[in-house]
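Per-chain residue numbering starts at 1, and chain names A, B, C and D are given in the order in which the chains are listed.
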Amino acid sequence: MAAAHRARSSSATRHFPERDMQLGMIGLGRMGADMVRRLTKGGQQCIAYDVQPAAVEKLKQDGVAGAASLEDLVAQLQKPRAVWLMVPAAVVDKTLENLVPLLEPGDIVIDGGNSYYHDDIRRSAELAQRGLHYVDVGTSGGVAGRERGYCLMIGGETEVVKRLEPIFSTLAPGAGAAPATPGRAAGSTADQGFLHCGPQGAGHFVKMVHNGIEYGMMAAYAEGLNILRHADAGKHAREADAETSPLRRPELYQYELNLAEVTEVWRRGSVIGSWLLDLIAGSLVSDADLQSYAGRVSDSGEGRWTVAAAIDEGVPTPVLSAALFARFSSRGDADFANRVLSAMRHDFGGHVEKAATPADGHKS
Amino acid sequence: MAAAHRARSSSATRHFPERDMQLGMIGLGRMGADMVRRLTKGGQQCIAYDVQPAAVEKLKQDGVAGAASLEDLVAQLQKPRAVWLMVPAAVVDKTLENLVPLLEPGDIVIDGGNSYYHDDIRRSAELAQRGLHYVDVGTSGGVAGRERGYCLMIGGETEVVKRLEPIFSTLAPGAGAAPATPGRAAGSTADQGFLHCGPQGAGHFVKMVHNGIEYGMMAAYAEGLNILRHADAGKHAREADAETSPLRRPELYQYELNLAEVTEVWRRGSVIGSWLLDLIAGSLVSDADLQSYAGRVSDSGEGRWTVAAAIDEGVPTPVLSAALFARFSSRGDADFANRVLSAMRHDFGGHVEKAATPADGHKS
Amino acid sequence: MAAAHRARSSSATRHFPERDMQLGMIGLGRMGADMVRRLTKGGQQCIAYDVQPAAVEKLKQDGVAGAASLEDLVAQLQKPRAVWLMVPAAVVDKTLENLVPLLEPGDIVIDGGNSYYHDDIRRSAELAQRGLHYVDVGTSGGVAGRERGYCLMIGGETEVVKRLEPIFSTLAPGAGAAPATPGRAAGSTADQGFLHCGPQGAGHFVKMVHNGIEYGMMAAYAEGLNILRHADAGKHAREADAETSPLRRPELYQYELNLAEVTEVWRRGSVIGSWLLDLIAGSLVSDADLQSYAGRVSDSGEGRWTVAAAIDEGVPTPVLSAALFARFSSRGDADFANRVLSAMRHDFGGHVEKAATPADGHKS
Amino acid sequence: MAAAHRARSSSATRHFPERDMQLGMIGLGRMGADMVRRLTKGGQQCIAYDVQPAAVEKLKQDGVAGAASLEDLVAQLQKPRAVWLMVPAAVVDKTLENLVPLLEPGDIVIDGGNSYYHDDIRRSAELAQRGLHYVDVGTSGGVAGRERGYCLMIGGETEVVKRLEPIFSTLAPGAGAAPATPGRAAGSTADQGFLHCGPQGAGHFVKMVHNGIEYGMMAAYAEGLNILRHADAGKHAREADAETSPLRRPELYQYELNLAEVTEVWRRGSVIGSWLLDLIAGSLVSDADLQSYAGRVSDSGEGRWTVAAAIDEGVPTPVLSAALFARFSSRGDADFANRVLSAMRHDFGGHVEKAATPADGHKS
């Protein structure tokens, strides 16, 4: 994937005016603070606010303008204002409750977090009644975004999104972040790494599916690596009892593979190269068995919403849903179902559950 | 499912002669011993053998003839002999190694256990070279079989299978075990509960797929009951952090369902009635939370072989394979894959794994 | 599964008073009309209404009282009234719009169709504001229910559900429909085939999951039978080109299995016996290849809602969702996804799509 | 992903001696011919042979030495010889049958195609009896490999693999093809794009799992894009009948997304960037609806073998298997299973199959 982030000042391919623009940022967590830094470095003017004054202070030390309160933030912004929310999805509505009364018709509210697009549709209608514009931005890039730039998937009114292009353009990685796609006509902002996907909610809809795909890709790598890790299964005597399926040809499973090396070699020339693979290869360098993790995998909503959308649309998603459910299971949420299975096996076949052995034990 | 087992003496619908027949039974575990008892009660003459003399003694006390050794067993049987193996799949080959030299051309060896049909094909060819006949019998019925009768899926040569019909007929549940299927012509042994499926291996092939289906059905019930069990999810405060997907409408998940009652009501008139459901309903009567199980679900081969056969044939089996893999996961075999997922989440998003909470805890 | 439906007049095990009760039935489709017939035969008094006068006429010829309009229906019913809706889920709200203004406080509205339980929660709150009671009844039994009885899963207020017991008791199969579950204490209505599951919505919630399980069971049988059907794969020359995975050991796939016989034999004594299996066995008698079906499998909502509920609860349902998605795919809804796969294969490997061959052709 | 292929002559980071080495190449299809060209350009000496003389002629015109027969090829090679087979997996054994008698102890046979690793283990044992060395090389890179270089996963004896390093090093992309992984110690060939994974079969084992992961990743993208494509589901009237699940909130599915733009924007800065995504973005530029494909997706073995290995090892692979089965279904192999479902629905519920509508029709 894209080598280094293209230096912004020397860009020859940028299509859009990058005139300075002013943006108020609410929420200075990891993502929000890094975005302010990238915007500032790119020549945009930010006024930063967070409910935690310390977070504001930290950015002020980096030369960014700070606000002491929402009122202060709004007061410092030129009209029509543009305010970007980078807060947990769960507190967006509460933040809007406090912010909206301070705004004036023509102002723009941008939700750059991980909101459910259902909420975008509702909120944009509510804000429209006050003459306010609402823009939803699905933001991908994670902790690497400050340097690499952020991939931005945007929903909202065309004119309003257009007005914000200097912001989007500065946050995005830029065209140099990937080789040009053969045959593509020039002129689309997608080449820069940001895209106006459609009306309100479209940005978070596309980001939601993006994350759904991410779940599937991650699971594909994880399952494959698990197979490689157990390629020495034939070396380990398996218990020979009626409750254990025998390994018929142990001579086929005698490989002790070095996963750090395997993932590294895949990074060059293979069909499955990706940024996620780059990350796995990095993790395995320092912790070959990934013993620093317990394997309880969280999900933060988008995977669920993706499958729910697929069901609404009648689109089959066996892979994305399997990836989602594997996460649920990793947290113990299949336990009762498993007990039901054991109870049935006991009752029809007299099968007794085997005692637990150290999970994945032969390698630990 | 079938009320009581039809009394064999009063059968009016039995199509096949039930002349007495002699059978040697090797392997007097739960299944083998019960089959001897059912055969004896049904008028067939059994000679019973097991590597554990105590198992033979126990049956002798019930009036069954016993053998002290394989040689003794073979010596007591009239020619051409019929010997039924009811031993773990893993020791069939070893048993044959000792048994086969004692037999004579025309004798029949029956494998009634859970052998892989690949082995049947190999073994039947090996035995044919010595003039011996090989019959494979997939046997379903479990611990209830002694009373209910056994469903028998049979592979082998037509004449040989025909010769064994008195045995099969006595082991099978009989036609009264289920209402007649509308429109079926009379005369098939399938109506009695045993079927000559095809040449050697066909019996275990059909039994293998039978068990594959069983995995799928069991998982369907288990997953459904797990959903019902968590229908009170809205009553439990979920942590509100970026690592936890919020329950958007807790008011929709306020049900505290009594699963023993729900499974009982489904037993009458519903579309999902089955013998497996009868068993679940029974389990939940005495142990509503199934706390006597840990949820480590074994698999004994047939589910794996079913999916492997589907892959060879190019037949999609998303449900049967999902059921199989859920069992693997229940035993911790996804652990490394899950750690890979957590490592990726950490590296691209800075996500830190949440500490384990008591699995399925709110009900325990 | 339960033999014949126990004659109601001779019931010795019925626990609940079966005093006559009056019920208005709206919707005389297949289900509604049959339920009226079963209620009438069981001694309950029904007044039947349908938007199609012909449907009312037909029942009147069977001696059932009919109504010419909703007003007429309401007028004929004694107070407090009980009105049962048996109409498509999509027209329940519209029916209520017309019906509710005609009712009086204390009256009961029962929705016996396939409503989403979300709607039950909403509707029951709306009706409560007018002093009306709402009861949701998940009804399983299909076209066989008139004779076998219906399995009823009920949500609503305890007193109201209690008041309707004569109706539920008459519709349900009765205790004789299945053998008693060992160890169960007597006295539960679940033994009769109806159950008060919880407050409003609980009935349809349980029925929803019931149908989700049904999807999984059906898919388990379907996948298994598909494997059996292709057990002769080794007899058919497979094209040997780079786009076709070779069958390595064709000698293992030489079985030509008779599925009508196999499903019949499974009906007696096997672990996978069920009412659904009884139906499959029946279908295969007259149409061994099921050529009267095209294989476009509809879904009518409950499977989708089940998976959506599982996702909300965080409960893994790999099997139930795989079953749902297989239905979507059967209707061509994976087509674009498949084209994406072919495009990728072309672009990285130069693979050209193979021409279509007659699907499942070797058997047709 | 890796920008341009690093010019080989100017390499400063290559660790391994690139002394000229001689290689016989058997099989001049797309892959074999391109590999010869890359090797030749990189300074290695190739002698090329194919059963099609025209293929040899074509390379000779490019200045590559050709052989007229296997005998000729063997005669031209210096001892100990190194012969690389790049032929379809199905003809490897036949080629070896002809080649092996011509070779002498100490010679090396390399299978660079897509052989099943089971065959590697068998073949290497057979060749060892004649004093021949066997090396298996899983080769990824596809049609782009000539320019990008090939990712090589290698199994065999350590000394033998070492001897071939000049060949591997020239075929591989080189270290510059991807940024260095932070924290990795220098010196591994994995950084160059080739890896000695383990003893014979290990190369194809790792390549097999690589392809299994590829299936999963491809399916993740395909499913996600299918969801995006149907984001306008609310604009299309859905039939309102009992066989069709209603779209409850059509206002949530009003988006008409441009997939060529969406995949392009994901290429910069997003978490799901990859080479496969680059290819999809390219495909959609010229054929937005992918109408040039029918969606019948082939599989060429590795996906099947991956899942079979997982089953042997007891490793859950719900995602990889779902991806595999989706391909089977795309070719109509679920048809009989679907007919079984429709038959059941008809028999329990009287449901009649809906007539086919143009698949994915609203967009075509």
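Basically, a contact is a pair of C-beta atoms (placed from the backbone, for glycine too) under 8 Å apart; a residue touches a chain by one contact, two chains touch by 3 or more.
The UniProt protein names, listed by chain, are A, B, C, D = Decarboxylating 6-phosphogluconate dehydrogenase.
Computed from a predicted model, the values in this text were never measured in an experiment.
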Labels of chains that are neighbours to chain A and to chain B: C, D
Maximum centroid distance from chain A, chain identifier (CA atoms): B
Rounded Å distance, chain B centre to chain D centre (Cα mean): 39
Centre-to-centre distance between chain C and chain B (centres being mean Cα positions), rounded to whole Å: 28
Junction residues of chain A, two or more chains touched: 142, 219, 221, 223, 226, 245, 248, 271, 275-276, 282, 304, 312, 314-318, 322, 325-326, 329, 331, 333-334, 337, 348
List of chain A residues in touch with chain B within their complex: 30, 88-90, 116, 142-144, 218-219, 221-223, 225-226, 229, 240-246, 248, 275-276, 279-280, 282-283, 287, 289-291, 293-301, 304, 318, 322, 326-327, 329-351, 353-354, 356, 359-360, 363
Contact footprint of chain C on chain B as seen in their complex: 1-3, 117-118, 121, 140-142, 145, 148-153, 172-175, 177-179, 181-184, 188-195, 197-199, 201-202, 205-206, 209-217, 219-221, 223-224, 226-228, 230-231, 233, 245, 247-249, 251-258, 260-262, 264-278, 281-282, 285-286, 306, 309-310, 312-320, 322-323, 325-326
Contact footprint of chain D on chain B as seen in their complex: 271, 304, 307-308, 311-312, 314-318, 321-322, 324-326, 328-329, 331, 333-334, 337, 348
